[in-house]
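One chain, chain A, links the two complexes that follow: it is found with chain B in the first and with chain C in the second.
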Partner chain A sequence: MADGSLSAPAPKLTPGFRASLPVLFLLVAGFLAPLVTVAAYAFATPKSFDVFRSFTLQNFAAIFDPQNTVWTSFAWALALAFCCVAILLIVCYPIAFGLNKVFGKWSGLVSVLFVFPLFVSENVRLYGWVLFFIKNGVLDGALKWFGFSGGPELLYTPGITLFGMVYVYLPFMLFPMTLGIAMIPRDLVDAARDLGAGRMMIWREVELPLAMPGILIGALLTFVLAAGAVAEAKILGGQSVITITQDIEVAFTYAQNWPLGSALALILVLIVSGLALAAMARLDLDKILGKR
Partner chain B sequence: MGPMSRRNMLQMMGAAAFAGPLLSMSRAFAAREGELNILCWEGYNSAQVLDPFRSAKSATVKAESLTNDPTMINRLRAGETNVWDLINVNNPWARKVMAPAGLIKPLPRETFEPYFDKMLPAFKAPYRWAMSDDGKDLLGMAQRFGPYSFVVNTDKISRATAEEQGWDLFNDPSLAGKYGILESDDWNVFDIFLTAGINPFVEHTDADFKAFEETAVRIFKGAKMIGDIATMNQALISGEIDLHFTGGTYSVSPARADGYPNLRAVTPLKGPIDGKGGVSWIEITSTVNNPQLSPLAAQFLEYVQDPEVAHTVAFAEGTFNPVTQMGNKACFDLFTKEELDAIQWDSVEEEMARSAEYDIVPDYDKALEIVLAAKRQRG
Partner chain C sequence: MQTVGRTRTHFLIRAWTVFVVLAIYLPIACGALAGLSKGRYFAFPVRIFSTEWWGKTLDSFEIHVLVQNSVLIALIVTVLSVLFAFFGALAFARYPWKGRRAFQRLLLLPIFFPQPVLGLALLLWFNALGISPSWKTAVVAHLVWIVPVVTLVIAIQVFSFDPVLEEAASDLGASRLFTLRTVTLPILWPGIWSGALFAFLLSWGNFPLSLYTAGADSTIPKWLYSKMVAGYTPMVPALGTMSTLTAAALLLGGGLIRLLIRRRAELRAREG
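And then the complex of A and B:
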């Protein structure tokens, strides 16, 4: 495109653009408008509803005040999200590999088993786990029945919060990862083996790079969901740690401070999207998607 | 008219998609005789309460339940006064916040005051929390109420010990790890002040806040868990905890009705609010200052005064509570012995007498920040 003599084409309402108008309208109304409103509230006078009518940095000043301990909530949310993604990567890879290469005709059934919990509300499933782990509950009661002194005290700890997140977000990692592994052509693996590559080398040099789009999408999806998780820390964790989503919730409810809640939400969006974009930038999407 | 082409069909569908919302909008701006929107605590949104009214009036009644007052008040402040017709919140908000802010409308006294005369003795007209500050306007109707301090498992801590020791139970290091905290942070502000021996409903000094902060950090550190009502009742029943901070008939009555009479709401015998150690709540339901208030709003307020409906409100799904209409024998007689036991009717009167009524904490924002920071220190 070095030809400077060509003038830019005049903007034209192409049929393609016109056809995309309904979708664009939906995106603007359903996705952008709420985001813009939250962003605008973040700059409104604290404890007011003067959105679009006032501009102040007071909400951010309050958040970044060294006296304010809200950073611990960000730290817990991000640490739990990182741990959740790391555990899911390790747990899901063998299952995804099995679904593609090992389970054969049982793959469909196994997939359904992993999808099935999604049909039950997350809160109901988490309360189910409370009944499992609670004192005199399923685990503790069963162990006592077998003559043991009782189950371990797992409930209401940060560890059980992480367990809940891993449990809830497993399908969101598993299925993109399964699709990623399905993208590995059998021929390439066979060719690598014929040329003398060992099992580890095939995994490292062939399978992992080819499955990377699915793995990456799964990791990003679960990270974004886990960073905004709240039910696990509340129901299973008994608020043993406070995550940032809970602080946002309190700002919008008990504190009657929508601008502060919006500022916290905006910072969370910036952190999560920043980390996601940084992760994407380190990986050449074109390369891993096969567009060379 | 020629045959319908696919293009015509699509055009018509598009037009309909745009016209649909506009049509319903024009309906919304028309008179609202047939619809009623209620913002309330859980119970008033139940089908048992709403369905008979819906069919009697052929009305579309929508009710949204929330579980804290500040959120509901905020919804009106944010501009939803043109959405809601009735708002049902605890006692101080109508008189001290919503009426001065112009968020609610007064009720006709000649129509509604006679209902107060049939209520329990403490609620006779003019009932303070239902009236404006100058005593001229009737701002709402009283129905559900109850004491709300803390809940114990009487198999572990006797009622007498709990009442005698009061909030000091939570200062006892031997009970650390044996109690839960209900996640109602506005009530937790009151109760942490009370545990620190301070009246919550006055302006506080720096020394008060120092004591408040120390108490808040210790109470939250010592809690086994913080959670909702279901979590607290489940943990009491399973034996995870022996008592929980912030709670009362509203929270424990479902567990008592399910066959756990050993779980009991307790009001301390004494405390720092002019000698009172407990806090009680009384819901006041008001008509919203909606430019197009539905005429059904006032009719609904009259409907829930009916003895049978009042009994249904008392035992609507989720939570069971005493109602002011129990002062009317026709209403009281509808309660079975089991129902009276679930709402601790045997001690309601004395517990209400030992409780100060829910009020606004003048420096609530500062106290709430301390509570949130104390919670974060749990991790």
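And then the complex of A and C:
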């Protein structure tokens, strides 16, 4: 092998390909290889560690068995993720618009305020909400202090799980959306206004289509992350909802059934990556990130 | 009529943004409050404030080990991810090459991936390789997620970089290394600095990847989670607040240094 490569003239590598090699190596060894391992485990004998040595569809048969209720976890995860995206679209649009056109010199500071929570681990932030909503917590205590009978019991419900997801994934919607709105050329909006278009019409016919790539990336990113979320359901939701990632985790840890966990993970990954690849194929990253 | 409508819309947008920002920081404030109140259990309004739990947290040997682990992991992740991402960003944005489109998409995949699932997949992979999980495997796990983010941060800077400058330097007889040191690096420096800051802070605060891939070693977010699930003590919000303040101080300091670098570069450009 070594001799062959020495005697033959080495193929000329383009500078771009050479520069990509370290990252490519990392992604192959740290991202693709683990996924291949998961796929291999998914076809191994249940409750065994016979990866690459056995091939069976029993894990999938167990998941798709009508007796099995694991589909409710899938349904919860996808439904919560869908609601989370829908709410975040509405919550973030005015802020993203403001960052581009209203806040002026303040937008830098406002952006930093929205970035900073990303550096505080989500369990710390979610636990802060527990302290807010818990009995004798900030909300309950404040209402009692004002003479009310106490706060509503919101903790440990599916609704609060959704709230936690909206809270944690907000920056992942906001920033792609802001980049998307930044792609709207001002003259185009002015031209539409000069030609007599109303505000609603400008928004629908000019602004929204031009900002769509960014909005789409934001929606996709939040959907994918929310579909695999687990901390919100555990910390805030008190396991009133079992998401699919929690099922996967249980299979990997307490149940010691790695093949079943892998089969569940594989199905989730297929759903998520199918969506991600389909949307990414239609996007031009050069345009969104800088080359105008 | 039109301007009245516009001012009203702008006012509503400002009010909504302020409301959302306050909501984002509310739980962090609740944590700070709980860490500073006396007594084993939190109750609002806080009757007696005390620094008792802050003191206990600062004195705990267990917590010293956690902080050391978190700092060590974050520092190694920062250095390695900047090295990886610097070249990654050049491939992403600087050179036109055949596989660039595919490379850009592949790079985004780990970001578009639920982190807990990535952590579990890595756990399986380390096991298949016969590596027992420890803080070292957590470094690898952090890299898989953080290198793509840092690459994007640096790539944004690379997009604004004119390759003609590099070509001019080499036409004038500068060696590759000399061009890199005197032309490429100074221009990309703000992006690299931001990328390093992002790498450190994202690793410092990461919870899902550390949870599954750090094995018996613990980091600050991982320890906090284990205490949240079973065995709450006010040390949990106290340590959480300390960790948040550390991140805030780093972000502030990093931002100031970046500003200084830019000032100096502008000054130099004006003189030259």
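Assorted remarks:
Note that in this section the second predicted complex is superposed on the first by the 253 of 292 C-alpha atoms of A that agree within 3 Å, B and C clash if a C-alpha of one lies under 4 Å from a C-alpha of the other, contacts with A are read in each partner's own complex, and residues count from 1 in each chain.
One rule holds in what follows: a residue touches a chain if its C-beta (ideal position, glycine included) is under 8 Å from a C-beta of that chain, and two chains touch if they have at least 3 such contacts.
All figures in this text were calculated on a predicted structure; none of them were measured in a lab.
In the superposed model, A:M280 lies in contact with chain C only, and not with chain B.
Contact with chain B, but none with chain C, is seen for A:W76 once the two complexes are overlaid on the shared chain. Contact with chain B, but none with chain C, is seen for A:Y156 once the two complexes are overlaid on the shared chain. In the superposition on chain A, contact is made by A:G137 with both chain B and chain C. Set side by side, chain B and chain C differ in how many residues of chain A they touch, and the one touching more is C. Using the contact criterion defined above for the overlaid structures, shared-chain residue A:G238 touches chain B, although it does not reach chain C.
In the superposition on chain A, contact of A:Y254 is made with chain B only, not with chain C. When the two complexes are overlaid on their common chain A, residue A:Y127 makes contact with chain B and with chain C alike.
With both structures placed on the common chain, the touch criterion links A:P34 to chain C but leaves chain B unconnected.
Judged by the document's definition of touching, chain A residues 127, 130-131, 134, 136-137, 234-235, 252, 258 lie at the interface with chain B and also at the interface with chain C.
Within the complex formed with chain A, the residues of chain C that make contact are 5, 10, 12-14, 16-17, 20-21, 23-31, 33-34, 41-45, 83-85, 87-88, 90-100, 103-118, 120-125, 128, 140-141, 143-144, 147-148, 151-152, 155-156, 159-160, 201-202, 204-208, 220-221, 224-225, 228-229, 236-237, 240, 243-244, 247-248, 251, 255. If you check the complex, the residues on chain B that touch chain A are 68, 70-71, 73-74, 77-79, 180, 183, 185-186, 224-228, 230-231, 234-235, 238-240, 365, 368, 372-373, 375-379. Interface residues of chain A, counted against chain C in their complex, comprise 14-17, 19-24, 26-27, 30-31, 33-35, 37-38, 41, 51, 91, 94-95, 97-98, 102-103, 110, 112-114, 116-132, 134, 136-138, 140-142, 145, 167, 170, 199, 220-221, 224-225, 227-231, 234-235, 245, 248-249, 252, 258, 261-262, 265, 268-269, 272-273, 276-277, 280-281, 285-286, 289-291.
Interface residues of chain A facing chain B in the complex, by the touch rule stated above, are 47, 49, 68-70, 72-73, 76, 127, 130-131, 134-137, 155-156, 158, 234-235, 238-242, 247, 250, 252-256, 258.
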